[in-house]
Amino acid sequence: MTTDFDYKPLLLVPLLALIALPLTGSASTWLTLTVAGLAMGMIVFVIASGLTLVFGLMDVLNFGHGVFIALGAFVATSVFAAMGTYVEADSFWLNMLALLPAMLVAMAVAGALGYVFERVIVKPVYGQHLKQILITMGGMIIGEELIKVIWGPQQIAMPLPVSLRGAFIFGEAAVEKYRVLAVLVGLLVFLAMVWTLNRTKVGLLIRAGVQDREMVESLGYRIVRLFIGVFVAGSALAGLGGVMWGLYQQTVIPQMGAQVNVLIFIVIIIGGLGSTTGALIGALLVGLMANYTGFLAPKVALFSNIALMVAILLWRPQGVYPVANR
Amino acid sequence: MNTNNLLTLQGVHTHIGAYHILHGVDLHVPANQLTMLLGRNGAGKTTTLRTIMGLWHASQGRITLAGQDITQQHTPDISRSGVAYVPENMGIFADLSVKENMLLAARGARSIDDIDTKRLEWIFDLFPAMKKFWNHPAGKLSGGQKQMLAVSRAIVEPRQLLLIDEPSKGLAPAIIQNMIAAFKALKEAQTTILLVEQNFNFARQLGDSVAVMDDGRVVHSGRMAELAEDEALQSRLLGLSLKAHQ
Amino acid sequence: MFSRILSHDLPRSRWLALMLVGIVLGLAFAPFLFTGVKSINVAAKVLIFISLVVSFDLLLGYTGIVSFAHTMFFGIGAYGLAIALNAMGPTWGAIALGTVSALAISLVLSLVIGLFSLRVRAIFFAMITLAVASAFLTLASQLSDITGGEDGLSFKVPELLTPGFALMEDDWEGPFGAVAFNGRFITYYLLFAVVTGMFLVMLRIVNSPFGRVLQAIRENDFRAEALGYRTVVYRTLSNVLAALFATLAGCLLALWLRYNGPDTSLSFEIMLDILLIVVIGGMGTLYGAILGSTLFLLAQSYLQDLLRLAGSATEGLPLLPALLTPDRWLLWLGLLFVLSVYYFPTGIVGRLRDRARR
Amino acid sequence: MLETRDLTVRFGGHVAVNAVSCAFAPGTLTAIVGPNGAGKTTYFNLISGQIKVSAGRVALNGQDLTPLGAAARAQAGLGRAFQLTNLFPQLSVRENVRLAVQARAGAGLNLWRIWSDRRDLLEKTDRVLEAVALADKRDALAASLPHGDQRKLEVGILMALEPQVFMFDEPTAGMSVDEVPVILNLIRQLKNDKTKTILLVEHKMDVVRELSDRIIVLHNGELVADGEPETVIASPVVQQAYLGISPEEKEAV
Amino acid sequence: QSKEIRIAHVYSKTGPLEAYAKQTHVGLMMGLDYATGGTMTVGGKKLVVIEKDDQGKPDLGKSLLAAAYGDDKADIAVGPTASPVALAMLPVAEEYRKILLVEPAVADSITGDKWNKYIFRTGRNSSQDAISNAVALDKPENTIVTLAQDNAFGRDGVKAFREAVKKGKLVHEEYLPAATTDFTAGLQRVVDKLKDVPGRKFVWVVWAGANSPFSKFAELELKKRYNIELATGGNILPAMTAYKQFPGMEGAAYYYFGIPKNPVNEAMVARHYKEFKSPPDFFTAGGFSAAMALVTALKKTNGDAKASALIPAMEGMSFDTPKGKMTFRKEDHQAMQSMYHFKIKADPAFAWGVPELVREIKPEEMNVPIRNKR
């Protein structure tokens, strides 16, 4: 019953781009929109990746995911503030000297909070979706308020490092420099996740653990540590996503996590609630769709994500790559 | 009684929530032998196995494995000291394939190639269905095939103690014979087995020693051969005439 | 007789019964007991939430369906009344028309949602309803010509229900303060009567053979199907009933507030409040709705006042005042979410009943 | 009269049930035997509508049931007990059975009566609980029953449904020896009612021999033998493929 | 006769607008203190401020205002932060027959078709914002495209702007959802409208919220590529960080602490620096102005806080504010006030782009329509 890799969903992305080509009218406009959409998709993928991991493997509906995103972004603003000279320096490498630590610190802090979150908030409710929703929302509210206590309620500016400002211009089309970086980071995250999940036993173990925790323990695996590990990884990815998102918006606000919640849930539903490749496809589609409809009919853009999700679910009721029966 | 016990339970009490289920179980499992644990529905056999495995914790009493106290240990650690468990409901990972189920059971293996091929062949011989459905999702197996998978998982790597809860239920007679052969072979290979069974025929063919439970206590223990001889004792401990329905 | 009114589904715990009697009496005499504007608003809100939460409990607690679209129906009710009163002026006809058309829209919508999506996996249903609800919210704020957009609609109600209408010339000096027998007083008792009726009807439904099948479906739909119950039919019916009740609750809200807007009846926040109330109270026990709504709304309405006291008491200490300011009340509400899931896994009702059983 | 004609189901490339045609008359108990994975449970699933057929049809009293779902077939008179226990775990034992009684009475869509007012249904529930020896555990949650009692409850639910066709899938597996006769007696009593059709999947040959009027054998999804119990048991397919006794051994026995 | 005048400040102390709301409150308290010379008394009566948190929810604002008037016996109310809340509150003032001084909610309809005679507003309305910007941009050689949030705030602003632009060419109105995160598509549409047009080209932006199009405007290098310039109104300081990327950008602002030159503003800036080590911001000025209006009015009535006394006193009343003199217009009770045409300078000493005054636009120069049907 082994099936070949199902390539059809992969074709959706080029298909959507091709459909949009005649509609946008000019090739340069199309190129600008498409590249921007794909890059946006990559950023969305990074912020959603942690959630797919946590939901796909551990079956935890973490409505509090957003708080890790916000936390990552806020931590990064503090790191940037401390390294202001590097951010404002007109050298790519000096900029990276600020950006990399910002990312790492954000991931570390988000990961650490993830540890606490798992132990205190998620642990008592494994296997109970409804309670997960409530308790993680509670965690999210608390987290958001604590961010306000620490950083204040107002928005904080998070300007791009100098060398990432502006765009590469190809004739009439423009590709923002930052988006190129986003694509690279997104690809890196994607490859790392696919490798870990497919080439190691970790993925299997956690899937088994979700179905029958006792049995996995009876086979001699310390499932508790594994679950913590995955949750921490998921939170750290959210922290990274927060940095990416914050830099993209160039301002951060405490509510930024809550604002992307619906978006990332749509992405992982399209993906099949837990498939990494599915989430990537979902994110790219969402990114492209937002730009195309935004250009062709801005009113419709409001509903484009939801329409996209409904269309996908009509085609595949369990998302593009269904993960297990749950 | 055999002096060399691999596993002993002394006065074990277990509570599930507010219910007091085990009322002081004393049980000795001699090394390298097969011990049958018998008893009516609800006697507490499954609870005993789960308590040994650390899935429920004894509220009182002591459990020792090879001289070590494991009463308060966590399940993974108990398993790592060489105990395999086949639960009553089989504990199959329905979403994973048969192969993946087996891979997880082989704790030392990083991929399926790391599993001893001889042992795998032996399992395929015992349970041909495992080979046939190797890449099948385990949830789609028939009832009996799931049972076979559950037992296969427990024996994919050598262990010092097997705890097996009603392995014969739902199996066709031919497969039951294979399983009996398998347990005999395992015993040869110095494996100690504690087996819960309702099928007395099966029990008689395999058991070296026996313990009978009732109402959360062990009410009889001794050699299997003695119990098999003594029909009066059988009917007192286990209920009505056994012959008619086996 | 009394037991029949409650459909033989009694509180089954002395403490629970006492608390319920206390709350019901409190609500029944609220206009006499609590004469402030704020407290009567809280009492009315408790009533409205009881009816709303009860309808959600049918869905969640009894049928095991997680839907995030419940506020959508609540909003339809509120908008139905608001739009009708806004367009037709403050007449009873407008109230009737608004309510009836809101019910009709909810009926169709819930039927469609039910039939289309109750076949998919539970978690997908939850997510689809989440998306549908957010789309509806967007729609409501976009159609500003009809709905007033983000500003919402302020409207007038029939003379009899306005504060200006007086039954008696002078206020009555009660033992707890002056009571004005005006239109608000009448509106409050109108709410009380309707909500009591809705509660009793719902109690009847969940204790009917139908209600029992819903529980069976929640437990094991596959098995229920094998017994001959068509789960799609039952689920859809439950979805429709819940939607209709929520719509009515929405109408009551609009009638009381004389205002409606997207944030007031459609926001995700309200959805979460409902979920939390159901869980605090106890899923699958309608009495939980009464306890949960009362406790939650009291907490929500008075938490800031409480924090103001706590904040001034801890003045001078490090950090604590920063956490205890009324501005950070949401922090404590979040904590309430977490703690209630921790300490009331079966809700307050479940807890009390367990104790009674010992 | 229950009939299956050319009943077939494929899972991917695997044919689990292959063109099985068979008729089951009222008043008879037919045992279905075969090795593990032969397709017995799948055959039941096809009849009771848990899975969709790939080809062929199922008919009861001449009425074609193939297009109907599981619920409709249950209403038409097909009752089913499951091999892997399948209950309402968080409801009481009594409520488990009462739901079946209520389904039988067709009262499910009544929104207005109070359930406990239906004394008739409650009394019937209690009678069923007596019959399967669970009366003293009626208030326990189904999930807290030991395995054997869960099997009894499974049978009780089927009894309460009072279908025309009873399908038992290994009813006694995991039941302790002193309980088995209770269930067997129940089945014997059913046999006395000549309007009922009974199908029984069972691996315990003595039970099969004692109860059945007819045995059919499934092997790799195909119907390979059908007839009187003694003849079928003696046939080489059963001896070899099922009981695992090679011809030489048979001599010895 | 009570010895107190109770003022209820109903504002979004918590919720998304928390940061704005707090500025208003600081301004209000500072203003009351300043206006009463530190005594907090007018006509021998003590001013008592009661705070109410509407959380940005209209229904809550409505009940809180009722509770303030009813339970807390407030004589006058100030607030709220958000327009929807204000609109829900208007009927309550009428029911209780008490003054509601709106600050800083901007919607035109507050002093327009939803207005009643108990409503006054010190805050600027959308029209004033738009018209002042129009005055700054309205030149014959300018081609303008508007880019606004697709909601009442954005559409109100563009409508007033459209009516005010007389000489320049307004070629397109672009509305984007308020929740837009990726502005590439919207800006691309704007570019398509403007790229082949001669002369100076402006995109006038009406946007509130953290997800603003400003940074995208810079990333896409529209100025360099197509010579398209950005124009917009003032904002709070953290939001003006994004302005730093647009030195030379012009627009018209409601307030920036460095612009107005008058004693009231100097006092406020000094006090704010003293107390918070930072300059007062956009909404602080509003709160301060509201306080000034209240105290001036109460002085006129000699402490009589009843609406019947206050309304005649306030109609047509002029009062000093950090923005100079304001006057409540008789017809719709909107405070007429100066706005400031500015040009952005990137000064390394400040984290934000510094708006430098080009010209003060006096109230008389702006023809702000009266929209209530009185």
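A few comments on the model shown:
Chains here go by letter, A, B, C, D and E, matching the order in which they are written, and residues are numbered from 1 within each.
The rule we apply is simple: a residue touches a chain if its C-beta (ideal position, glycine included) is under 8 Å from a C-beta of that chain, and two chains touch if they have at least 3 such contacts.
The UniProt protein names, listed by chain, are A, C = Branched-chain amino acid ABC transporter permease; B, D = ABC transporter ATP-binding protein.
Just so we're clear, the structure is a prediction, and the values are computed from it rather than from any experiment.
The chain with its CA mean position farthest from that of chain C is B. With chains reduced to the mean position of their C-alpha atoms, the one farthest from chain A is D. Mean C-alpha positions place chain D and chain E at a centre distance of 76 Å. Spacing of chain A relative to chain D, judged by their CA centroids, is 50 angstrom. Here the spacing of chain B and chain C, counted between their Cα centres, is 52 Å. Distance from the chain C centre to the chain E centre is 37 Å, each centre being the mean of its Cα atoms. Of all residues in chain B, none touches 2 or more other chains. Counting only residues that touch two or more partner chains, chain E has 18, 150. Shared interface positions of chain A, i.e. residues touching 2 or more other chains, are given as 1, 148, 299, 302, 325.
In the complex of the two chains, the chain A residues touching chain C come out as 61, 120-121, 124-125, 129-131, 133-135, 137-142, 144-146, 148-149, 262, 265-266, 269, 273, 299, 302-303, 305-306, 309-310, 313, 317-318, 325-326.
Note for the complex: chain C touches chain D at residues 4, 7-8, 204-205, 207-213, 215-216, 219-220, 222-231, 233-234, 237. Interface residues of chain E, counted against chain A in their complex, comprise 16, 18-19, 22, 150, 174-177, 179-182, 184-186, 188-189, 192, 210-212, 215, 218-221, 225, 236, 238-239, 241-242, 245, 351. Per the touch definition, chain B reaches chain A in the complex via residues 53, 55, 74-76, 79-80, 84-85, 87, 91, 93-97, 100-101, 103-105, 107, 110, 135-137, 139, 153.
Listing the residues of chain D that touch chain C in their complex gives 48, 50, 69-72, 74-75, 80, 82, 86-91, 95, 98-100, 102-104, 107-116, 118, 157, 161.
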